[in-house]
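Notes follow once the structure below has been shown.
Letters A, B, C, D and E mark the chains in the order given here, with residues in each chain numbered from 1 onward.
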Amino acid sequence: MLAADAGWTILFTGDNLTRLLGGLWTSVSIAGLALVFGIPLGVVLGALRILRNPVLRAVLRLYLEFFRIIPTLVILFLFYYILPREMGVQVDGETIAVVAFGLWVAAEISDVVRGALISVPEHQIDAGKALGMNGLQLLWYVRLPQSINLMVPATINLAARVIMTTSLLLLISVIDVITVGQQIMEANRMAHPDSAFWVYGFVFLLYFIVCWPLAMIARALEKRAKERNNG
Amino acid sequence: ACGGSSSSDGAASSQQGQTVEQIKKAGTIRIATFGDLPPYGYVKNDGTRAGYDVALGNQIGKDLGVKVDWVQVNADGRVDALKSDKVDLVLANFTVTDERKQVVDFASPYMKVSIGVVSPDKAKITSADQLKGKTLAVTKGTTAETFFTQNYPDVQLQKFDSKTQQFQAFKDGRVAALADDNTYLYAWAKDNKGYTVGVKTLGEESTISPAVKKGNKSLLDWTNKEIKTLTDQGFFEKSYQTELAPSFTSDIKPEDVIIK
Amino acid sequence: MADSNNSVSNDEILLSVRHLKKSYGDHEVLRDISFDVPRGKVFVLLGPSGSGKSTLIRCLNGLETIQGGTISFKGEPIDGREKTWRRLRTEIGMVFQSYDLFPNLTVAQNILLGPTKVQKRPKDEVERQMDGLLADVQLSEYRDAYPRELSGGQKQRIAIVRALTMNPELMLFDEVTASLDPEMVREVLELMLGLAEHHMTMIVVTHEMEFARRVADTVLFLENGVILERQSGHDFFTHPETDRAKAFLESMAPISDGE
Amino acid sequence: MADSNNSVSNDEILLSVRHLKKSYGDHEVLRDISFDVPRGKVFVLLGPSGSGKSTLIRCLNGLETIQGGTISFKGEPIDGREKTWRRLRTEIGMVFQSYDLFPNLTVAQNILLGPTKVQKRPKDEVERQMDGLLADVQLSEYRDAYPRELSGGQKQRIAIVRALTMNPELMLFDEVTASLDPEMVREVLELMLGLAEHHMTMIVVTHEMEFARRVADTVLFLENGVILERQSGHDFFTHPETDRAKAFLESMAPISDGE
Amino acid sequence: MSWQVIQQALPLFRKAFVLTLELSAIGVALATILGLAIALVREYRVPVASQVCATFEELLRNTPLLIQLFFLYYGFPSIGIKLSAQACAIIGISLLGAAYMSGAFRGGFSGIPTIQVESAKALGLSPLQMIRHVTLPQGLTRSVPAVAANAIFLVKETSVFTVIAVPELTNTARDLIGMYYRTDEYLLMLVVAYAIILIPLSVMLTLLERRVRRGTFGD
């Protein structure tokens, strides 16, 4: 064990660094799974939302509003406490997180997709119709290709948000990066009584390193999409 | 990565949780424990779990002939971990109380405990009455929280999610004192100079037991038998010496903690 | 023009509109519009802003649902179902005021989309036709360019070619030069004049009076959703019948000599 | 017009431009432009799209920094500092192609902003002047309307009134009718003709050839950032000197009779 | 589900509800003011300050509030800065909110057409007059929907205060669950409480968006 006075050294004691990164990986992979499962669902729901069926629209809107209005943390609790009991199967925290985040992602993506689809100028749709295209052809040849530029950056932004939100996993017993951090602080409370600053600071940094590049990519793509639209 | 995940093999559990046979068949037992409470349940720098509770769990696993799958919980998650079938057994300093008996089944006790209060030497608290109008740190879902809520309503409680957080806040001087099971207060006060367990026992002395899902008779009976066997074999005394004694001050005797 | 199936027949009525009514909510935009367009003729719709010209032309392509009356194409009344319109739209071409090329596709892809995906014609046949038309409008070199690389006038000419490649029997034009720089207006109008000379049946909304005078077989003058005047192109511009049409013609020649 | 301080003096030079150069990066947009505008005269800038007309007029109001040459106003060379321009802009009014009224302010607030906040003139005096001008352009009833409640033509007339209320000695107009519906063009052009009759000094970019012919004392024909031709208004339209100007005039009269 | 359990917990929930409202209101207000200041600093490229603000924005927008709070509450005392839980909560939400609000305001400003700025110049307005009469009023109106959306986001984020023992709604609900094990009742109360706060806000946002889109500023 290293000198007791330098709090940051505990980050590099034993397997702590690998463990912290492992915790981060847990968070990121949960976010990744949620996206893999939520995005396709969201795209379908979003495409359905531009149909004129009022019942379908109301139901999908309700679904979106539920996930919009209830804080994510509360959604996580709802799923954590209620899902396993109702489903009668053994579900661990990770699975619950993936399902809860996945449904949330689907809700957000459905709105992104809908927003992007209806942002395609009306006269483009008219032009497609004037060529005799049917609904699916309009979607495939006109709406989707012209709105994908808007969807991609919004989706990347959402991915960053999902990763940040995985910090809440700590509260449903998933061994995420923060939980690992706390384990480390406790195991070393004698040698490093002030490790909190360093451990939390390091976790802060880890999140930033993961999320910031995503935000930058999203911004660059957004800018390009805007220039394309004007050009 | 750290053994936190439980098996999710999809085997539909009965209303009462997994029977001993089912556990043996599955080859793993899922046990809830703390991850931030040395010397009872914590994670060493190499990532392995250790502590008094953990030692018991490992022994249980060995005697069942199955692998132990540790699920880290916080105090307020222990009941729901059982209720929602996330674990088979709780070994997380789970104090037996009447309220809890309504919702889970406790096996025979393996430790004695009562609530203690630790405070800084500079402003030592020696009786619960001194706490009136002051703030006291507790962890959510612990007996200390319930005890003070019911018996000392004019003590202001600051409720934390985890042990780490409550001790951290206490050390930062955010509260006048901290109440928790006296046994870990002893251990904590030894690690942290300048703090003393001024109130050693509050309320009735209670016991700490393994808990299973309400109605899981199979596992309950097996655990009761196991505790008896282990007590007879002197397992808890040995475990006390290796896991707890190094963390306790010399005025604490094994009789104060373990059940003969 | 490469197109050749528009021979003048003896006054066959291609499009017939009877008592057409259209309203947005309470607002009646078109009330009781009736007229017949014989094959090979050019109709020009004139009228002040808001009189309903765009709405009318959009109704003729099924882009708006109508509230009353009938539209018949080649003698057959249209039932108004989206599916029927979809079929008819391959026979009725339309070009809009705003540049409506798909920005994500090249010129060639824009042109090929309708004939190959909707009409399901063989690609090489359509390509041959396209190359001919592009050569006609002197835009062959832009075959693989994206719309953003074209000037406004070039875009509109491509939009017309795109509609023509579907081999329509009727073409609808809604102020196709309105968003163009003045110097580009000419190239588009000349293309349209060429179509008229080849006896393409057309309905044209325009603000270019000189062009309207030259191209129109018949002028329909709309105001407030009714046809106020219906005259031959020549007569309308030389002696309009109604005062409204007179006033309109005056306002369209801003700052004429003397005050 | 209510304004009266624009009496014709004997050929005093109000604005003088010498060897003006402007480039965006490598792209030279204006090269060596020189001309003098005497007080009370109307200059019309003509030229194909992209020739630099807007850029030139923007330079004359300090909205672009220039890379060479001098601009003098009332005999005094302008040093190009933002502060100097800010002072001069109260004497040089400008109206743009796109509607530039402030949408968050009413018509009256739009008009009063400059005179009261920048020129710091007493509010009641400015209001009296504004009411006179609004009456002149028949828009008094829109005094407290927001721009969104006005038609395009009305907006542009208010924009002109807003500039006039500053009592400018020179007015710059950049295609002020280009985004208007054809029927609204007239009301704006007539207002400008009125100004010219009252001897307001003006520099005008326009695509309305008939209007240009009537209003121009002098025409400057620009191409590729140089003045190709400089003639009296009458001469330019009847016998342009250069082939480029001839071609330009032709293209601006699209679809003239016969092909 | 037991009505009695709900009734017994009502007083506690009411207290938590009020606290959540208070913290949200203070947080949103501070975030808006600070966010506007940052947006102006960045919009007008104030040297140094604008770079500092940009860094600050990036740091806060790309890290979770939870870890920001941990850092503030548990980490900072190690270097001698000790703030109460509520102070940390308010600082945390205001700073995070400011970073988001600044983005909303800058979006509003950047939507102002150049022609507006140029015609302000053409009238001889000084930079300050231009901000006061043209860019600020127009930019603010344009940012209203984004600001309102951020406000909703911030109210939801107050649920994270639970981790530093602030007895707001989420914390209270979890605490009761931990003590009395009546999960269903307390979760229901929690969801209802948030719905009471957030549904009106959300409806308001929809109306605002519609209004701004319908062209308070159309031409």
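We take it that contacts are C-beta pairs under 8 Å (C-beta built on N, C-alpha and C of every residue); 3 or more make two chains touch, one makes a residue touch a chain.
A quick map from chain label to UniProt name: A = Amino acid ABC transporter permease; C, D = Glutamine ABC transporter ATP-binding protein; E = Polar amino acid ABC transporter permease.
Quantities reported herein were computed from a predicted structural model and do not represent experimental measurements.
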Chains in simultaneous contact with chain B and chain D: E
Winner on C-beta contact pairs when B-E is weighed against D-E: D-E
Inter-chain centre distance, chain A versus chain B - centres from mean C-alpha coordinates, in Å: 35
Inter-centroid spacing, chain C versus chain A (mean Cα positions, whole Å): 48
Approximate Å spacing (C-alpha centroids) for the pair chain C, chain E: 52
Chain A and chain E, separation of their C-alpha mean positions in angstrom: 20
Chain D: positions in contact with at least two other chains: none
Chain A: positions in contact with at least two other chains: 81, 171, 196
Chain B: positions in contact with at least two other chains: 77, 80, 83, 161, 165, 168, 171
Which pairs of chains touch, using the document's own definition: A-B, A-C, A-E, B-E, C-D, D-E
List of chain A residues in touch with chain B within their complex: 10, 13-16, 18-19, 22-23, 25-26, 80-81, 84-85, 88-95, 171-175, 179-180, 182-190, 193, 196
Interface residues, chain E side, partner chain B - complex: 73-74, 77, 82, 84-85, 162-165, 167, 171, 174-175, 177-181, 183
Contacting residues of chain B [partner chain A, same complex]: 1-2, 4-13, 35-38, 42-47, 71-74, 77, 80-81, 83-86, 161-165, 167-168, 171, 191-192
Of chain C, residues touching chain D in the complex: 48-49, 181-183, 185-186, 189-190, 193, 207-208, 210-211, 214, 248, 251-257, 259
Residues on chain E engaged by chain D in the complex (per definition of touch): 113, 115-116, 118-126, 129, 133-134, 137-138, 141, 215-219
